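Chain IDs A, B, C and D follow the sequence of writing; residue 1 opens each chain.
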Amino acid sequence: MSDIKVAVLGAAGRMGTQACAAVEAADGLELVASLDNGDTISSETLAGADVAVDFTVPAVTEANVHAVLDAGVHAVVGTTGWDDDSRARVAAHLAELSPRGTGGTGSLGVLIAPNFGLSAVLAMTFAAKAARYFESAEVIELHHPNKVDAPSGTARHTAAAIAVARAEAGLGPSPDATETGWEARGADVDGVRVHAVRLRGLVAHEEILFGNEGEQLIIRQDSFDRSSFMPGVLLAIRSVVSRPGLTVGLEHVLDLS
Amino acid sequence: MSDIKVAVLGAAGRMGTQACAAVEAADGLELVASLDNGDTISSETLAGADVAVDFTVPAVTEANVHAVLDAGVHAVVGTTGWDDDSRARVAAHLAELSPRGTGGTGSLGVLIAPNFGLSAVLAMTFAAKAARYFESAEVIELHHPNKVDAPSGTARHTAAAIAVARAEAGLGPSPDATETGWEARGADVDGVRVHAVRLRGLVAHEEILFGNEGEQLIIRQDSFDRSSFMPGVLLAIRSVVSRPGLTVGLEHVLDLS
Amino acid sequence: MSDIKVAVLGAAGRMGTQACAAVEAADGLELVASLDNGDTISSETLAGADVAVDFTVPAVTEANVHAVLDAGVHAVVGTTGWDDDSRARVAAHLAELSPRGTGGTGSLGVLIAPNFGLSAVLAMTFAAKAARYFESAEVIELHHPNKVDAPSGTARHTAAAIAVARAEAGLGPSPDATETGWEARGADVDGVRVHAVRLRGLVAHEEILFGNEGEQLIIRQDSFDRSSFMPGVLLAIRSVVSRPGLTVGLEHVLDLS
Amino acid sequence: MSDIKVAVLGAAGRMGTQACAAVEAADGLELVASLDNGDTISSETLAGADVAVDFTVPAVTEANVHAVLDAGVHAVVGTTGWDDDSRARVAAHLAELSPRGTGGTGSLGVLIAPNFGLSAVLAMTFAAKAARYFESAEVIELHHPNKVDAPSGTARHTAAAIAVARAEAGLGPSPDATETGWEARGADVDGVRVHAVRLRGLVAHEEILFGNEGEQLIIRQDSFDRSSFMPGVLLAIRSVVSRPGLTVGLEHVLDLS
């Protein structure tokens, strides 16, 4: 199998720099283009890439993806700022490129991943699967004290997925006899309590607790460093070439069967 | 749907007593027979049961299952002491009862579960799924100090499943530069290091650690009390009636898709 | 050294029953009286006890202690419901019994312990000592879901002690850039964030987190069972006989030098 | 109070570089000299320093300290490789400089710290204090997989201190019924079991577990980054000027009363 040729957009940024290095060090991948601010995205500048990885900024990421698709190149997107509308426009663009019935591995794919951390994605995925089997569930996220929002997007996402799984399994709310002191009981995300800890020395961590009579299950993930996202980026690059259409979330390319 | 009628074998033992109480308290289940030491197992004594739950002793559990099958009753088995040979004999017995082509929900099922703890079974299952995505993996099990064997069967089983998943994913051994002090590095189970802690106050706990550059995933489960096994027993009873043939392991009746 | 003779008040209650059993099983202690509801407290009924242990109810505990002192017996108190006034009356009673200058091991002692759990008392004590050395500090308490108040008294007490230590060391508030989502940031106890988790299967647990740039210290304690209070009760009994006057808090009889 | 003037020896090394930066950024400290390989240590090159901080190499650290003392300067030592003999020679040197009866804050001090991590030092100190109150104690250390020795020096030191405290309190060995599988039970350090985990993504971590019937106390420390040592280095510099004689261990300058 020949190498997958990769272009990195936003190659001079923090994530882009690491992505370039990770692609260069990876078996079976070849870095063929590093674009940044001001560079045009076209067949020429993408230099024969099979996949373009976008680590730019919210203001330009959607336009980049459309340009990448016009150049006949798959896209992996790590930039934030996507919403239902922008995702729908990409899905429509992909549909034009892949007429009904002609799909297959030859068609283009776009993978938008809000989180490339394997431990974070696995923690969320396992939490959603476990949720239906426990009477109680709560989420604690822990971050550095410079974070301005609480709870974290990952924790909200996790709690929402737990809530869906509980509802599907016919579980009511987690038992809670609290009468006084609700301010200590965290935020309510779809009925699941989420606590945010801010501590100097930490980076990004999440702990999901499940309880039944006499037992507890804890799923915890720690992101100590941005380098931890690179295995997920490489996995996304390798997966998108055989995954036509729009995929949102790295969990869909993990083999969890 | 009418209630599932349940017989408990070993009803006077520690697990049997709890199982009787759990069945009586459960929606959709009815306890119709409680047998113990000296009671014959037959259509009469099983009293119309759909499922018989065996919490007896290794010396009699296999004979019990064959007798239960001869009475046309499904079996859930929580007794230890099964090996490949005894499982094969039960599978053969089931095959006689369900001729090729006649299977279906009408056929009898046997579910042998080495562990009914949902948190323990989920921890093992998730660990096996996560294993292929991490460079390093180790297992720590923690138990009360009266336990005579180390590491625990659950920890061995977990480590073995991690080893299989790593091999399938083409991962070599976890990195380890240790030159001196190997006695601190735990037992080697199929290439995965397993550590056993013995501490007064604990019951049965397992922690599985996965690491990549810059990130960590921890799956931990705590069994504080034997009562924690009952949700798994009830799930097994409800599942076995529509699961013909031999099933080994509660994980196969969990919905983890 | 002769045995310490012990009377238990509230001997039929949950804690009293365990205290009686623990005293009977302990080296160097002898159970000489078990009183409960309706029994008079006097030299006769205390039957030569050196120490009376009170596990009754808030409504009678103070009167019990005065009666115990009038009988010339030391007291260990595990009943809740004490406030500054009731403690002051006991201190005054003790002062009458121990005229200035005549103190010593012959004088009577009273030890009121809000918490007999060694792990809980040590966790609080260590947290107070560590607090001055860290930029960030937060407290997470985890309890069974039937608890009606949040955060727990132990967590409040811990946070308050951390706040005092930080103030003494000239530390300002823990860094926190939170702009949105304060409801996830827990209760504010004297400037220290306290989070309360409620989970089926848990009993009473506390985790205190300290952070500096590049490092974290976690002190965690788990109370799985009421039996865990008995080592603290025995320590209190053995200590109070040589500790004249009023002592509030088991930490004062621990040797932490 | 005037600033404390500081010289750093080994200023070009990893720790020395950070120490120079930390001193320059600290209130009340002034960096007056940065010496490295090949620089002579004398009154002239120390340039009026009150304290010299040695982060050199085992081969030269003792000679450096004697030269620093000859120049009339206090010393803080973070270099490894000290043993009883080298420490005794420094103590003797200090004694010559501080004739009996003339001690006081005017005398020179040397502080040798095997570990400047506040969380690590506090964890060890608290563990030693807690040890006498628990029936069971074990140590787990977790490090990056490039570490060649196991268990870590910190874990050995912690276990040894626990063993001393247990012996002083008259405690026998932790209960342990293990009959088979001793290789999973970790290294035996003075009768205390120590487990070493090696995991990609980790740096240096220690967890000390104590158990009694029904309760557990866990003291955990995480060193994520070498930057975590700087608060301890600054504390050592500020303390050594008023601490004549030889001090071994940062714990002696912590205020833990």
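Heads up, the rule we're going with is that contacts are C-beta pairs under 8 Å (C-beta built on N, C-alpha and C of every residue); 3 or more make two chains touch, one makes a residue touch a chain.
Only a predicted model underlies this, so the values are computations on that prediction, with no experimental measurement involved.
Of the chain pairs listed in B-C, A-B or A-C, the one whose interface repeats that of C-D (more than half of its contact pairs identical by residue number) is A-B.
Looking at A-B and A-D side by side, the one with more C-beta contacts is A-B. Chain geometry summary: the mean Cα position of chain B and that of chain D are 47 Å apart. Rounded to whole angstrom units, the spacing between the C-alpha centres of chain A and chain B is 34. If you average the CA atoms of chain A and of chain D, the two centres end up 42 Å from each other. Taken residue by residue, chain C touches two or more other chains at 134, 201, 210, 212-216, 222, 224, 228, whereas all remaining positions touch fewer.
The residues of chain B lying in touch with chain D in their complex are 134-136, 138, 140, 142, 145-151, 174-188, 193-202, 209-216. Remark: chain C residues 201, 203, 222, 224, 228 touch chain B in the complex. On the chain C side of its complex with chain D, the touching residues are 117-120, 122-123, 126, 129-130, 132-134, 210, 212-231, 254-256.
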